[in-house]
Amino acid sequence: MTQQIAVIGGDARYLELIRQLQALPDTTISLVGFDKLEQGFTGLNQTDFADLEQRKMDAIILPITGTDSEGYVETVFSDQTIQLTSEWFDGLNDTAVVFTGISNQYLDAVSEASNVELILLLSRDDVAIYNSIPTAEGMIMMAIEHTDYTIHSSRVMVVGFGRVGNTVANKFAALGAKVSVCAKSIMDLARITELGHTAIPFDQLHNYTSECDLLINTVPAQVVTKDAIQHLPPHGIIFDLASNPGGTDFDYAKQRGIKAILAKSLPGIVAPKTSGKILADVIKQLLLEREEKIR
Amino acid sequence: MTQQIAVIGGDARYLELIRQLQALPDTTISLVGFDKLEQGFTGLNQTDFADLEQRKMDAIILPITGTDSEGYVETVFSDQTIQLTSEWFDGLNDTAVVFTGISNQYLDAVSEASNVELILLLSRDDVAIYNSIPTAEGMIMMAIEHTDYTIHSSRVMVVGFGRVGNTVANKFAALGAKVSVCAKSIMDLARITELGHTAIPFDQLHNYTSECDLLINTVPAQVVTKDAIQHLPPHGIIFDLASNPGGTDFDYAKQRGIKAILAKSLPGIVAPKTSGKILADVIKQLLLEREEKIR
Amino acid sequence: MTQQIAVIGGDARYLELIRQLQALPDTTISLVGFDKLEQGFTGLNQTDFADLEQRKMDAIILPITGTDSEGYVETVFSDQTIQLTSEWFDGLNDTAVVFTGISNQYLDAVSEASNVELILLLSRDDVAIYNSIPTAEGMIMMAIEHTDYTIHSSRVMVVGFGRVGNTVANKFAALGAKVSVCAKSIMDLARITELGHTAIPFDQLHNYTSECDLLINTVPAQVVTKDAIQHLPPHGIIFDLASNPGGTDFDYAKQRGIKAILAKSLPGIVAPKTSGKILADVIKQLLLEREEKIR
Amino acid sequence: MTQQIAVIGGDARYLELIRQLQALPDTTISLVGFDKLEQGFTGLNQTDFADLEQRKMDAIILPITGTDSEGYVETVFSDQTIQLTSEWFDGLNDTAVVFTGISNQYLDAVSEASNVELILLLSRDDVAIYNSIPTAEGMIMMAIEHTDYTIHSSRVMVVGFGRVGNTVANKFAALGAKVSVCAKSIMDLARITELGHTAIPFDQLHNYTSECDLLINTVPAQVVTKDAIQHLPPHGIIFDLASNPGGTDFDYAKQRGIKAILAKSLPGIVAPKTSGKILADVIKQLLLEREEKIR
């Protein structure tokens, strides 16, 4: 029995993703929103959205960004406007699964109403950790570009020791920076110490920023406050990796003349191929488990 | 107001622990079971167990091993026999706190019955992570002693990626070994990959042991089974760090002629001073928080 | 007795260099070719070239690039044309020392004729090693920018294990790349192995390029030949760090459709401040030793 | 044409060495001084020294220690007394090559007189670097054994940055120690900095020993003098890896109550198999080149 997958929209990462999905046995892939792609995929169906028979689909792959609040999806390789209405969702088969990077109220609502499973790829621990690698490399690239000194010997404060913070701290230390990491839990503080970084309890952050050249935030909450910013040296620079709107008081940084940069979507920018492969590996794995369950 | 602490028994680690506790302000420390100690502590009370007024104590520090199933405690530096009966526990003040490394049914029961708080130091995430450092160093020492080849370039399989497994894997990789780590969760497998080790799903362990020189177990469950052992090369060697009785089928290993070593209590053996300091830091921190709460 | 230094021309690195030299005691610094500088230096003499009394100078600092073949120097922060003729050199005091990054026939000739010491900063082992750090970071930045995959897990071949090759190999390995290094001497091959990289004898390079994603050349001789290039995978990319014209057969790479990039002057581009400090440290050290000798 | 090799004496390393040489094609190996070996080698000739026809030999492999000053060789696996007299050397073929680890006046003299080539394996850069790996691991083992604190977070001073010093510094840093390295040349100091260690100019050593827990000497000259030792903290410990008699003022250390250990022959002790393989690889390579030249 053949498995039917539709990819609806997506960015550069999706080219690798699609390439990888092609390796699946007994699978038919329909591409919607890739009509402007210069180099086509041999053996795949470029389908018009209107012509897609969604009831036949076993899996729908949405862009990493999901939909906007009205169901419109981002199509980098097409001029088409594609809207996934609640009616369209109702047309999906009950057993269908919908992949997206992140969700929002709209997407949550329509998928629930139409009773299809919605899988948030970026929320998965494994995807988040694998993605932390290109994120950290993008961070390194920016640090090299935006400073006139080397990472080697520079003093770096990483705020947060989650999936991204952990990887970022390790990479900067590997390049010879003197890394401090600011975290809440005693477990994190112990691990930070074991790894050779300086562990800073969260409520102490502002006491250490005077001694830091780069401050890298990974916490999705307002944690890089006036207190922390005002002690930074004039050449200090803030990179905020946390999801929009970041965790930095950007206004205050500006006022103080401290450069502060909100860096979004690094994996897709610096390593779309690797990022596409990360997504593909997980989707392939999940589809396989699904199929085994069905049989 | 002075804080009263009694240390009842303990091993080499406790010398450093006591030294550190002496730095606490407004604190009186009574030592029970240290009468054979060659170099005494100046300014501390060597007390006979019978003379200890337990009701006055704010904190009792038991050996890392706690008590045995009848309440006897290990006293490395004394010939005294000390038994902590349920009556003795009843004599403790309600607000007293009892520190131990690990507990057992007996200790759980008497502390609950007498309504005192029992703090298991080795169960704490921070202690476990800090202790993973001397554990890993002890593991390295044993690997160097028990093999006739270098760690550099050797193939090491670490089973388990908890607090100990993580540290052990990192240290062996840092010394140039080719490290694989075997774990269950997708999150662990992703982090293992990020760290540059080879990630092996748990149920695949036996398929990779033929390619490994050292197998290091950190999982406290029977996971190094016949299947895993039988594919080890003849010069392969197993180190089991998991708490007694380890996670290895030692009988089968013996039968197959594979050297298998159960290594216990490494922190206390290879780095009693560091281990004592780790315990002291946590105890001091907890006593401090306690006092703040009381006030 | 005051020491007189003239800085004639130079790029962004020289701003930090000058800042550092200002810390020298009993030193007068004259700046020639910095008239367009927006932020001036307080307390330094901006001097017109014509007005510089070269006979009074103890030290002359030329741009890193030295002069061109007719004695003209590069002045990034000025529109002046400055030519250091042999007559001008004759006007220098015998005991004067001239600092430059690199030399050429012209500069060698005029300094020898006028009997002044010429110090080639970039030829010094310490400068070359310190500079290898920003060079390697620049290389990392380019690798991240010019590929759509991560450095982590990519296969990197470093050609040459001199001062730059050694540092580049270490940094890429630290970021999780699988690094091979190609070198001639048995000593280098042994050290490469000790460091955990794969050691490739020089004459074997072409046998290993089929397995490599990034090829980074650091050897200033034609060593990345057709043989080596033709086995690279289509997505393979060549970075050539060796001094102009590099060590790559760029024509053949182009013909084969392999991207090949000659990357020059990375330290000055990615870390002018650090690079300026490196130069300043050495110049300060040499001036100090000089003064001690004179006394 | 078959190649004839005689192995005369040797220690545990030589078991692996012999095993590896067995893989050479068209080679006959005679073992002299291995009669007490429990597990024999199948297919090799155990020969009595008196019966060895030395004129037929293409290569003679002496113990790593060479001979003593009268030509006696060390035979760990035999009770025989074997003396290599000058007459015996005269009986060797002109084209024969004699391998040894180190030489002495006697060995130099007799080999020169009889006109055979003497190859000092331990003097070779590649062997010295490969051997620095088991040396460093032995050093780690001793550090763990002889201290009551962890290597992690300890302050280590490595004296000398040659083949051994470089490797030792890297390994201790990899285990989380704070490493300083003391060296003479500006090149070494630059590389030490690049590697992330603290670089100490040689003549400054004594100013930094008060801040160090472990002092590891690798310089074969009296460099760890009173000056350096007297500032060590009481718990400080000295390990001297330099060849006999080391580079430490052991008398003064004893007088000051500082533990000081001269550690010899670590590779043969901690990793005889790896060490044997290192020697075998070089001998095989040299025999191969030799044969190619002869043909």
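Going by the order they are written in, the chains are A, B, C and D; count residues from 1 in each one.
Throughout what follows, a contact is a pair of C-beta atoms (placed from the backbone, for glycine too) under 8 Å apart; a residue touches a chain by one contact, two chains touch by 3 or more.
In this text the structure is predicted, and so the values were computed from the model without any measurement.
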item	value
Given chain A and chain D, the chains that contact each of them	B, C
Pair joined by the larger number of C-beta contacts - B-C, A-C	A-C
Farthest chain (mean CA position) relative to chain C	B
Length of the line joining the C-alpha centres of chain C and chain D, rounded to whole Å	38
Separation of mean Cα positions, chain C and chain B [Å, integer]	52
Length of the line joining the C-alpha centres of chain A and chain C, rounded to whole Å	38
Sequence positions of chain B contacting 2 or more other chains	133, 152, 176, 194
Of all residues in chain C, those that touch chain B in their complex	152, 176, 194, 196
In the complex, chain B residues that touch chain A	124-127, 129-130, 132-133, 166-167, 170, 185-187, 189-191, 193-195
Residue ranges of chain B in contact with chain D within the complex	12, 133-134, 137-138, 140-141, 144-145, 147-153, 171, 174-176, 270-274
